[in-house]
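Below: the structure, in structure tokens.
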């Protein structure tokens, strides 16, 4: 969060944001599953002006050896921003921010994958941000869980994630680039709609307890919405794989063994 | 190739170059084999103002393990310019240029070594440029194949290499430093005289098809000349090793099993 | 040693140094053993304005494997200055100076540890300089040998070390920061009092042979003094471990099997 | 493998105790171990502190230098936070550049300091767009027995409160204390099965399912949070942790002060 | 080992097909797979393109900044090319800095762009000896199914043709299109036993003996070449590949446009 | 393991010879192997030398450039010494940045040059506080057969004595020889059991207990020392080595000259 705030008007008299959204309205989100050939699973996502590709390899032999876990698979996520995805060119290679994000995304995904089915292996998740416009970590996690499902990896659920923030004194859902740069709080969160479980959560900035409550309520609603889009992407993927004979709307083929 | 060209005269009225050579004339080339004690094979080369040392270790256990090839030896070449070998001091350690050169030299040498005789091993070739004056990659490859032979590694042939280029509108053989800096094309090439096989070839700059033909004909002739100097270096090496009793000119002791 | 010397007065008319010491007088030295919980052994040292922590782990499995010695343990010391321990912030991570110091301290400690008792293992010694004021390498070695003893590692003796130097034309013992910066010679040395054996010695600057003799005689006396403080630290440590019933001054519980 | 077995046994033991409402060292669920703060112990630093929470032991130093501001904040000083998990502190820490654990740690500490606006960075501007004070906040862990997040944060806060801007040395006028605006407090809790435990010791951390670090200010407002580990928290648990954090923060603020 | 066996079987299969004059996917020897070019897809870049050749998928972006020229070319802009073989694209790609394959790839693409004098670097000089435009040409491989050399080169050409110099943002006057002089085209062929195959698919690359990449300009002149792999080419084969490359280049130039 | 066995056997052999007062190659204890110095062999360097001691073979080059002085020595040129133990020179040397052996080697050579005040660094100041000559002293080991400390030191001394400051090229007036004040000499001895041997060959180094490198000047004063290896030296042995070093230094100075 920048400290230079609040002289810009982010919410107009009619309660509309600079891009015309309501405070609790998400940017348009599109997800397509199964977009890469070599990867075991993949998903491409456009969310507002974010463009994110996720790919999954595994379960496969874990390198280096000493990281193997004898009782389960480990999830190794690598979140990366392409050099041209941001305003000033970013040097290729991991920086401290991307290493932290990779870690918390790995942890969130570990929660839903049945890692105990694949001892000693690694499930590798690669997230590449082609174009960034606020909220890339939640976009990456949202895409990654679709890619995991596309790879056929047994999961107890999908992981939708979204950021809520604060600008111009208002709690707003799914900050865009400008709102993020000049806003005064940011709270990325991943929540499983069915159980209300929080798998990823960070916060920085300044929020009262009341604002936090509002923010979490926005996030909860949005995660349900994102979850539906994730499921839809997988439906379309399975339908296209299965051809025309199995183009129904039944949920049975989705990876929710514990539903 | 620099783009600043052609206002310098590289060929005079009599067809002579700035160092007095004809367009199809090589700089003086001297090779000495067996110049280092610890290495399994070595060669020192002076070619115009280039000074290059090559050393070979192996076949020996391949590190790291995962690079081992179960059916043959791998050739690992490391081409390096010493920091003081060029006009402006070069930082020690590999740069992108030297990594590319190391790769293409490794590939060229792989062609002639009977790698299938030594599964799971590595044959390590080290090329150090003590002083550089255009054409160091072909000088390095030329020296390296002599060092391989000196190491007693079975090879089907030696690999002579040379650069042809273009300056002042003329195709010229074996560019020196000035011709290289201000020339308009460079074509390093390694060719086995007996078979005409091309093992290494790169080109950058600007050449018409006719110029390419001329360049390749110069290269072919030069490679034969270099090849003879390589063989001569090995003869002298064997003669000195064998002492006086075996100082003949016979080719039989050279590594050309398929001759 | 800086070359800018000698216009500062380091010894006054009464033979006293800028901090009031005589030429052959050490700065106050305090050592406490057993100050960390996780490490197998540890020692904290304050020596003038130096503050140094040493910790020992091992003998333990040696990583990487290829460094294992089949007939004995290896000693791996890592000397490090904390970023804020010096006047201008030092970037974290090893620099060339600390790598050299780590090497010579490892060698000195190898002399006294019965490494042959622990084949294939590593004994890891970590020295952290919290605050530096000249003589940190000898302070580190002095602390490290106490930490080794605290770890219960069999040793034939402790290793006291001190620096002697030259400033203002005088040989002086245990240079402080100012004397070190503007002095004209520095001679860090580790010597076992009982045998007079020199385990670590470096010198830079300018000394006549007579000055060297004087310097070594100062060092010898100081090493005995330091040795007594090391032993005292271990006594206090053992006493506190043993509780009140074994609070005697007997040397038998000290690690000098060959005494 | 052996580690795995020991870990399983330890886990069983801790779970059994927790089912009886007890922790291994006898603390209550929201009780911190003994905290000691020694400020100003490093003379070569502009500010410093050594903080112990139980056996966890960290040292923090602040070095200040004059340098250029970032282009997008020309009128503010710069804060750079680094944490080193040196191998002295634990058999599991390895030499080398900070790994993902060290990076997360330093970023969480940095976020707590930065987002609370604890430092008045505008008062660390010397000439707008040209010269500002650069703060290097360096954290070294000497002994690791759990809850590094809080130990390092308290060390950072104590070191900053103790920092003197070295203006004279740089010929920028008289020395003055680091300009501070807030005194944020942070707590860290873990969830083990259905228990929420504050200030986890190492053994508790090893078997924890989820972790939540919460930073609040004097007004009881949120300044930063970081959830960690693969386990989930319900919103109720999140709220419970935040409430307890606020309750604990007054006592902690007095200790760190 | 298993890889080795599969590779042997695949090699046998490909050789058998080739002996009957056929390729695995039914193409003729000088036929490219389907090529698609999407230009301008990255709004945060000054120029960009995503290129697919069959299943091979690459994205290229151009970022421009103002900086200092190299001392020996004070009146020219700077071109820096980097290729990242990210592990997303293939199970054989590993994280980390570019390896020798990525370096060769980026240097071959760079050479084709640079030696063809495609960019008029003199028009990217702002103040001689002081300020010029710096071009970062960054290539990311998303999906690797063979012939990266051409896919990346086409991506680079398409991205450059689509690039707008961001002069306004840097207060250097009005934006203008990247100044280009030539439209070079590159082809890559491999030799497998006695067959020369253009646009090798991954399976073909895995068993190829030699590789030749040829860059030519609109006049049919050579601008760059790179031979790769351990196999040999005869001069006749070199000439055959160059002739075919020239023949193919017109069609390719229209597709990349 | 095999290495260990061979090493034990070699050690036994060397010890047995030494007990009879002999070295493997027939030298006396204080005798150097044949030393050859070729100066000025690298035209692209400002100074250079190739030095062989027996089969040990090193090449040293000096490159000079104009740059900024260190803030604390504004009126002096800068010396930077680097030694590369390239894998060409020994099967035990590995590619990569300098390891601890290479670093100790370069620092010992540097210390001998620097502490002897061999170079008059003040004469390498161009404009105080702004421009000075930067000396890069780069050492490459081509063939390693023991006693690199001395070979590299002699190479450095010979290269410096042969260096021409490239003032004209940098438009700083006429070229002139490197300003030198002293001609330090260094010797290295090892202790094997109770013998002190100068100029250890590789086989001797492999079984040595302790090593002492001594640098002295023309006046017979000490300028630098470095003890190495895990073995101990008595003060008597230290004095014996220094005495012999002084005795040998005249002859060595003439050879290196």
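By written order: A, B, C, D, E and F. Residues from 1 in each chain.
Assume contacts are C-beta pairs under 8 Å (C-beta built on N, C-alpha and C of every residue); 3 or more make two chains touch, one makes a residue touch a chain.
All values derive from a computational prediction rather than experimental measurement.
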Neighbouring chains common to chain B and chain C, by label: F
Required steps from chain B to chain F (each step between touching chains, minimum): 1
From chain E, the most remote chain by mean C-alpha position: C
Matching chain pair for B-F (criterion: over half of the contact pairs shared, by residue number), options A-D, C-F or C-D: C-D
Relative to chain D, chain with the most remote C-alpha centre: B
Euclidean distance of C-alpha centroids - chain A vs chain E, Å: 32
Centre-to-centre distance between chain E and chain B (centres being mean Cα positions), rounded to whole Å: 27
Mean-CA-position distance for chain E and chain C (Å): 59
Inter-chain centre distance, chain D versus chain E - centres from mean C-alpha coordinates, in Å: 48
Residues within chain A bordering two or more other chains: none
Multi-chain contact sites of chain E, meaning residues that touch two or more partners: none
Ring walk, chain B to chain E and onward: B, E, A, D, C, F
Residues on chain B engaged by chain E in the complex (per definition of touch): 1-4, 70-71, 96-97, 99-100, 102-104, 107-108, 110-111, 187, 192, 195-209, 212, 216, 220
Of chain E, residues touching chain A in the complex: 41-45, 48, 55, 57, 59, 61-63, 65, 82, 84, 86-91, 95, 97, 136, 138, 140, 142-145
Residues on chain F engaged by chain C in the complex (per definition of touch): 1, 4, 72-73, 76, 98, 100-101, 103-104, 106-107, 111, 114-115, 117, 121, 212, 217, 220-235, 238, 242
List of chain A residues in touch with chain E within their complex: 36-39, 49, 51, 53, 55, 57, 60, 78, 80, 82-89, 92-93, 124, 126, 128, 130-132
